[in-house]
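Chains: A, B, C, D, E, F, G and H, in written order; residue numbering restarts at 1 for each.
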C-alpha cells in the first residue's frame, strides 16, 4: 500500500525534505504546494497576463495554485499541515479545514507556543506533532507498525 | 426560501449584530459560534471536568465547540467568515476551508491590509467584502434581487 | 409534498410568470436567478466597489450571483432550463450541466430550431419541452398524476 | 503523480494537439470527446439502427457520446473547456457546469470577445486562458512548479 | 418525526390504500408513482406531442414519470417495493436497486412463490413482507415501538 | 435551530429520560432505538412470522430495528452513545462507528472503568462524558452558549 | 485509459464471451457476476453451512454473491445489463437501478419484445442495444472514436 | 481485479495469517490494524511525548492508530471483522459500523455463542462466518466463482 501524503503549510524551511529523508525506505508518495515563494505569488500573471491591481494579481495566482493544492488534497490519504513561527499562514489553516471536511486523517505540526491559537485545528487532527522527525515516525508506524 | 447563514470568525466586535440589523425584513436565519470568549475557552472543563494540562484543557473545549460549529456549517446555505485586525484567527480560516470543501458559497470579510495574506481564501470565495454592511447588502440582493 | 422548482436560463421574456400562473393551485415553490439584467450585471461592483477592468467587473458580479444560483440549484427537486432564441446563453447550459451532475431531474425548454445544437443537453433531460405551458403541465402531472 | 486532464469543447481546430505538444515531457494523461464531427453525430444510428426523426437520431448519438464524456469528466483531475469563435457550443458549457458540480478544477479557454457572455462560467474556473500554450504552461506549472 | 415512505411497485391492486388505512394515526407521509396506468403510459406524448414510434412514445412517458419517481425515492426515509403476481415489474426491481444504492432502508413485499426469483432483492432489504398489513405493522413499530 | 439528537446505546436505565428532563426548555428533538427489550428482540417474528432457528429469529428482528436506527442516525445532528456497565453492547459501538463515518458529531458516555476499552471510540468523539447530566449540559451549551 | 465494464444480467447464454471477443484489441477490463448457476445458488450454504429453510438458503447465497456484484458495480466505468428472453430477471433490473443511482453510464440490452416492459429502465440508459455485437461496437467507439 | 480486503478486529490469534495462507494464489491485498498490542497502545506517547494521565495516553495512541485504520477501511473493497472470545472488542464493532456506513461489503466472523449479542452487526453483513477458512473460501469464491 503506497501511502499518499500531502505536506501543506509553511514553505520557508526545508521541513518537507526532513520528513522525506526520515521516511527513507517507506512506500510513501509525497505531494505539496509549489514552495518557490516567488513563482507561487506570480504564476497567475506570468502565464495569463499582468494585472494592474494587486488584488487581482493575487487572485490569478491563487487560482492557478489551487489546481495543484486541491488536486493534492483530494488524492492524499493523509494530510500533514505545518504552522511555522512567522506569518499569518491562513492558507495552511484553510487546507486543514478543507482536508478535515473531506474526512482525511490530519497531522498538525507546530511549535508549542501556538497551542492555544490552534486548538480548534488540533482538535480536528489525528495527531499533533512538533517536529518533522515526529511526522516521519508517525508515517513509519502507520506503514510498518514499528515504533522508533 | 429561508436563507441559512453561518457567521464564522472574529468574535471581538459586534459585527454579527450589524449584519443582522442591516438584514431586517429578510428571511434569513443566522447561526454562528459561541461568542462569549471565556465560555468558549472553558466549556470543556466546565462541563466535563478540569485538566491540569492546558493542551488538554483546550482540546476538551475545542471538541465541545466543534459540535456547534460543524452543525452550523453543515446546515448553512451561505458561510460568511470575518477576519478581524488582531489575533491569528486560524479557526476562521479552518472554517473557510471546511465550508469550501462542502461546496458552500463563501463570503470572506477582511480589511484591505489582509489581502495578500488571505489570497488563497479569497480565491475560494463567491465574494470578498470589507464591512458588515456589504455582507448584508449581498444577502439582501441574494434574497430579493435588489441593489442598495 | 412541496415540489421545489428552479427556473434557470432565459431572462428576457416573462416565461417564469407563465409557468407560475399555469401552476396555480399546485404545491410548487419556484426559485431562479435575478432576472433584472442590469442588477445582475452590476451587483458585484454596486455592493463591493467599482472595477476599472470589465473582466473583473463581470467576475465580481458573477460571484455574487453564484450565491443565489448555486443555492437555488442545490435546493431544487426539479431544474427547468429555458434556452431562448437569442444570445449565447452559456450560463443556462452551465446550470444544466451543474444540475445534471447533482442528479436533479432536468426539464429543458427550447424552440425546435435549437434541437441539434442542444442534443447533449436534451439527452441529459427527463423531458424536453417547447413552451412554458408544457412545463406547467409536467409539474401538474408530477404533483397530481393528472394529464391536461 | 500523473495528472489526468480532460479537454472539452471546441472540436474544429487542433488545439488539443497544441496543448499536448507543449506539454511534452510532463506526466499528463489527456482525454476528451470524439473529435470526428461526423462520427460523433451519427454514432447512435450507425450502431443501434436508423431513426426517421432527426430529434431521436440526435438523442441516440448524444447518449452514446455521453458514455465517453461522462467517464472522462469523472476520472479527470483537471477539466479544460475551450470555447471557440463559432457555433453555440452549449455542450462545452454543459461540461463546464458538470465538472464544476463535481468539484473538478476548471480551466476555461476563450477569445477575449466572449468575456461577458462567459462571465458565470469564468467565475467558476481556477484559471481563464486565451491560448492552448497558456493551458500547457498552467499544466507544466501545476506539475513542476516551473514558470515559462 | 414524520416518516416519509415511498410505496413503489405493483399498481393493479389497492395495496397502497390498505397500507395507509392500517397506518391511521401514525405520523407517516406516503408518496409513490402515478398509479393511473393509462396516464402513466401516455403522459409523455399527451404533454409533449405524439410519437409515431412506440419506443419513443414509451421513452417520453418514462422520462416524465422519472421526475416523480426519482424525487420520491430521494426524499423517502423508507422505501417499500411490492411485487405482485403478474407482469415483469422490472421498474419495481429497478426502484429497489436505486433505493438500495442510496442507502434507504428497503421493505420488499411479495407472495411466497417469488422468493427464489427475488432472492438478491430480498437480501438487500431490511424486511421482507407478504401483505400490506405487515408493512403497516412495521411502520407502526418503527414509529412507536409497539408490536401488533 | 432545532437540534436533532439521537440517543444510542444502553437501554436498561432511564438515562434518556434524565437527558431529556435536564434539557427542558431547549429546542432539541430526541430520537433513539426502541427501548422495550422484549419488543426489540421479537419484532421481526411478531410481524413477519416465526423462525425455528434463533439466528434467523434475531436476523429478522435486527432488520426491522435497523429501519428505525438507521433513519434516526441519518437524520441526527448529534449522536450520543452510552455504554453502560453490563453486556457486550456491540450495537452501541456499531452505531458510533456508523455515525462517525457519516461525519456526525459524537458524544460518548461511559463510566471511567471503560476508558481503555473504549479508547478508539472516544478518540472519534467530540466529547466524552460520564453522566446524562453532562450530556444535557453539552446540548444546552451547544444551543445557547450558556455554561452550567 | 482502461475502461472497466461490468456485464450484468442474463447468465444462460455466452453473450459475455461474444462481447469480449468482439472487443479484441481494446483496453477494456470486464467483470460480472458468477455465471455458474449452481454455484451462484448454493455458495452461501456450501461455505457457511446448510439451511433447512429454502428462504434462508437463498439469503445466504445472495449475501455472498452481493460481495462480488456490489464491488463490480462500484468499480465499473460502464455497466451493461442484459435481459434475456426467459425468467423474471429481477436481479438484472435491480443492478440497473443500483448502477443508475451511482451515476454509472448504463447500456441496456434486450430483445425488441421487452421494450414496453423495460421502458423505465431504458429511459435511464445511455444506450439501448439488442445484441452483444452492438455492445462491443459501443465500447469500441467509446475507446477509439471509430464506428463499425 | 485485485480485491482489497481489510481484516479488522481480534488481534490475539493468528487468524490473519490463516486467512492469507488459505487465499494463496488469489489476487487479494490484505491490510489491517497494527497487531502488536504493546506498540498499538503506546504509539502515541512513544512518538509524541509522554502523558501523565492514562486517558490522554490512550487518546494519543488511538489518534495515531486511526490514521492507519481509517485509511485501510476507506481503501478496502471488502471489510472482514472478527470478534474473538475475550475482551470488549468495541473497536471491532466500531469498525464494522464505520465500514457499513461507507457501503463496504462486510464479512463478520465470530463463534456461535456471540450470535445474539452481535445480531445487529450480523444483520448489516453480507456474510457471517465462524472460521478463517470460511473467510478465505468466500474470498476465493468472490474472485474466481469456485466453491470449496
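As a convention for this text, a residue touches a chain if its C-beta (ideal position, glycine included) is under 8 Å from a C-beta of that chain, and two chains touch if they have at least 3 such contacts.
These figures come from a predicted structure and were not determined experimentally.
Chains that count as touching both chain D and chain E, per the definition above, are C, G. Set against the C-alpha centre of chain A, every other chain centre is closer than that of E. For this pair, chain C with chain D, the centres built from the Cα atoms lie 23 Å apart.
Averaged Cα coordinates give chain B a centre that lies 49 Å from the centre of chain G. Centroids of chain A and chain D (each the mean of its C-alpha atoms) stand 30 Å apart.
Centroids of chain C and chain F (each the mean of its C-alpha atoms) stand 43 Å apart. Counting partners per residue, chain A has 63, 66, 103 as the residues that reach two or more other chains.
By the touch criterion stated above, chain E contacts chain C in their complex at residues 29, 31, 34-36, 39, 42-44, 46-48, 60, 63-64, 66-68, 70-72, 74-75. The touching residues of chain A, counted against chain B in their complex, run 54-55, 58-59, 61-63, 65-66, 69, 83, 87-102, 114-124.
Chain B makes touch with chain C in their complex at residues 1, 3, 77-78, 103, 105, 107, 125-129, 134, 137-138, 141-142, 145-148. Chain contact summary for the complex, chain A toward chain C: residues 51-53, 56.
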